[in-house]
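These notes open a run of structures that come right after.
Each of the next two complexes has subunit A plus one more chain, namely subunit B in the first and subunit C in the second.
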Partner chain A sequence: MASMTDDDLKQMSQDERAKALGMTTEQLTGKSLYIEFDPEASERYTYPWSHDVDFNKRTEIDTDTLSTTEMNSAIRDRMKEGYGTIVLKNPRGKHSLGVGILNKLNLIVEGSCGYFGVGLIDGPNVRITGRVGWSCGENMMAGTVVIEKNAGSTFGAAMRGGDLVCRGSVGSRTGIDQKGGTIIVGGDTGALSGFMMQRGRMVVCGNAGKNLGDSMYDGTIFVGGEIRSLGVDAIEAELTDLDRQWLTRKLTQYGLMPDKGVDHFTKVVAGKQLWNYDNLEPSEKKLIL
Partner chain B sequence: MCGIAGLIHKGKSANVGSEMTAMLQALKHRGPDSTGYAVYGEPTEGDYVMRLKVAEAEDMGRGRGVHKLIETRIADVEEIMEEAGAKVKSREAVTEYALRYVLTHEGNTGDMAKSIEEVDGVEILSMGNGLELIKDLGDATVVSEMYGLMDFKGTHGIGHTRMATESDVDIKSAHPYWAFPYNDVSVVHNGQITNYWIMRREMERKGHRFMSNCDSELLAVYTAHNLSNGISLEDSLRQSIDEIDGVFTYLVATKDQLGMAKDTMAAKPLVLYESDDLIAMASEEVAIRAILPEEIDTTDPYDEEVRVWQA
Partner chain C sequence: MAGTQYRGSEIKDVDQFLKDSAGLESEREKEIGQHIGYRYDVNLVPDYERITPFLKQYMEVMGWDDLNWLEDVHMGYEEGSPAVFDRNNNGWVRVPDSIELPDNQQDRDMIARELLIKFQMSDRHPLVALRKAYMKF
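So, the complex of A and B:
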């Protein structure tokens, strides 16, 4: 940088100038679709400090009288002892259950969770037999979460990876700020779902509320039912063969495949007419040009 | 952020006092400043229950003068009631500053209520045939025990745990709000109303009174205004979504109904449980689970959703 003169910069293309000045003009168009979906790939990443657990070793924790901290500590203690299957009993809508688990684990919650259930997880497979409150799976990195009943609002907010599945209906602002991974909803979703979505995919088998995909940057939303209205800069796109294959695979995997197949799904993507990662701020443009 | 809760038993009375206490205690973390209940017993035709406060809880630490002042205020209130032709059947001083009257009255209780509130420092918390409105500083159990609510039997109720954000920590800013002077109507709210002053001035021009600077009081006044114009509870709730700006979820209870409305953004939470004989709702499921520990199915109402249930 220091040795670069104004003349050097003037001779570069805009792309080179941006890179030389430490900025990026990465083109995101369609990228997530091809990089994230590889039928042959599997996620096998573990942290160096993670516990070696055995899925065949099963234990139960009665959460009835435990506080949030005690519940989450108990899960970690059992993982340290090598238990790979942990069943939580009587959660009764408690908040922040199972957050921040960075380990492979089968976590079975027999009942319902409150807010921020299984947020920030990286790796575990979670099955919740009841309902979850707001912000379930927020910021999750990897793993699988399957919820048998309904879910609250901001389902999978800022999610980065893994599969987050709700067989019932979910509240509003599903996948707000989603940055990766897959959200699958068996029923309906509320208003402003996919708001500011950046990457990843969302599948809604039922209906979607108003302003779907409002201000989304990238990513893809598939809706099986009716869309009350599209948000600003969200547009319909054509369903490709790759989309159909992917939808069929994912929905079959979670037992949510509609009888009539996947051809009726509407695909929603970003129109990219609003502010986009590909653009530079006016002040940055001034620097370069 | 505040917590709200409500429940309604269909066609039967139950221990609503202890149920509401359990629900609101579970929501304490959403607001520890004050707790309020509006519970509905079997309506007694002809008898009115009036709850009022003659001072704020914090006034009690202001020396001996306040006790004398309270006595004078109570005497003034009772004189006005007598002049208005009300017959007091019983008087109970739950705390030094909160009283409960059972009275009979022929004619318009609204006019009498307006005269009573002309006494400085006096606010009627509720009036009606079935409604008992209780609110004070402290968590759900503290308030419930202070006012002997644990044994209260009734059909439905709403409640609120308050985290004061826009106005003071005192009883006049606590919820629920009675829809003055409309008997048996009460409101609890979680959210912020952004066109509060515009709407308040409009309501004041129409002759309605505001006792606090709390934006939630607007919803009570607004509901009272609509009901007095012959608009049904359901239509009032629906209309409010267009006319009230901001983020809100609120519950309204009348003598035999319980209603809810959610704003256009659905930004404030509500979890709903419905069965054939009981409907319960709260800001968080944990409150519903405080009275229904078994596995249940619950849903989140969507944006602009309005529901009304009959007792």
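So, the complex of A and C:
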């Protein structure tokens, strides 16, 4: 693999490339893969393919006349040139803005975004001065996203990691299918927030709508205001000292720390009553036979 | 109500799944021959007093004020060995025997986070070859 250059690989078909790189089509599920790796050998902090960007190197892109594809390509081109701070001007509510950025970066959006803004990102710090539409930060892997105004529904859907912050209020189904990371809402959140949540943390400083945490499998929801109703299998739990420390740290970090502290927050977790293992139980199988 | 009641066992000891890799404690687990639930507390938030110098440096490089996505990374256990789950590889990375395990979960989680970053960022990570094989030129 070491002798294989990008130019060599470029001449090959995808199958040939996979074969040349020693990859296999064999089903590996349940098998161990032995890889020699010395944790002390190197101390890298970014992916090997990442662009080397400098946060102090700043540039602006006027997106007024650009399509979504052109806009996202322009961001990548600037990162290749080493720009670590990119300001997008005149986004005018365009959809899918800033998606798939797998690099460290400061991205500032001066205005509002449409649907699926900054989805699938892994690393950047994003600040959006306006509002965002549905599914902002969907499938986000790492980084921080701060929205200064309100956000639409399914905010942080299927999110896996990082901090997704909305200083205003958000729509319904916030953090649906959340698999990790932290969602922070400065205002209120709509119905069915935390629906099918699997892990991660959600902090709502205001009120939460109906059926909060419905069918949640795991994870934690903290609510500072009133909860209209809890969903199926969502239960209240005791706020620990570690929770208080973490909440204080996180909310202070984003300037959302309430004057009265964090003691009034309600903690909601999974009751684990919906965990279904019947299909594995031999005695019940006998009854069916 | 759909489903069944949770009949897993509580995690009582930090070494529970090192001493007994199967970890079948409750009646239901013994009956089905499978441990129910995670082998670590997925909701445990990090204690920032215990952060390592490497992780501090990582936060600085990325421009983050905290551990960010690493808050969800914990030390788990695979077949009786300490390990950390690598989401980029969809598999467990075993902690080398040369690393001495501390006596508490918080310090173990910090070791797991550090190891995972070093592995994910190395040229030895499977994602490097995968990316080369399937990237668009």
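Convention: the second predicted complex is superposed on the first by the 230 of 289 C-alpha atoms of A that agree within 3 Å, B and C clash if a C-alpha of one lies under 4 Å from a C-alpha of the other, contacts with A are read in each partner's own complex, and residues count from 1 in each chain.
Simple rule for what comes next: a residue touches a chain if its C-beta (ideal position, glycine included) is under 8 Å from a C-beta of that chain, and two chains touch if they have at least 3 such contacts.
Here the structure is a predicted model, which is why all the values come from computation and not from measurement.
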Query = Once the shared chain is lined up, is A:95 touching subunit B (first), subunit C (second), both, or neither of them?
reply = first
Ask   = Of the partners subunit B and subunit C, which touch A:112 in the superposed model: first, second, both, neither?
value = first
Message = Looking at A:131 after the superposition, I want to know if it touches subunit B, subunit C, both of them or none. Which is it: first, second, both, neither?
response = first
Request  = Check whether A:152 is in contact with subunit B, with subunit C, with both or with neither, and answer first, second, both or neither.
outcome  = first
Key: subunit A residues touched by each partner, larger count belonging to subunit B or subunit C   = C
Inquiry  = Can you give me the overlap between the subunit B contact set and the subunit C contact set on subunit A?
reply    = none
Key: Contact set on subunit B toward subunit A in their complex   = 264-267, 269, 271, 284-286, 288-289, 293, 295-300, 302-303
Touching residues (chain side subunit A, partner subunit B) in the complex = 90, 92-95, 111-112, 114-115, 129-131, 133-134, 149-153, 169-173, 190-192, 209-210
Request  = Provide the residue numbers of subunit C that touch subunit A in the complex, in ascending order.
outcome  = 1-8, 28, 31-32, 34, 36-38, 42-48, 54, 57-58, 61-66, 68-69, 71-72, 87, 91, 96, 99, 114-115, 117-126, 128-134, 137
Note = Residue positions on subunit A within touch of subunit C in the complex are 1, 4, 6, 9-10, 14, 17-18, 21-23, 33, 35-37, 39, 41-49, 55, 104, 106, 123, 125, 141-144, 160-163, 180-182, 199-201, 218-220, 232, 242-243, 245-246, 249-250, 253, 269, 271-278, 280-283
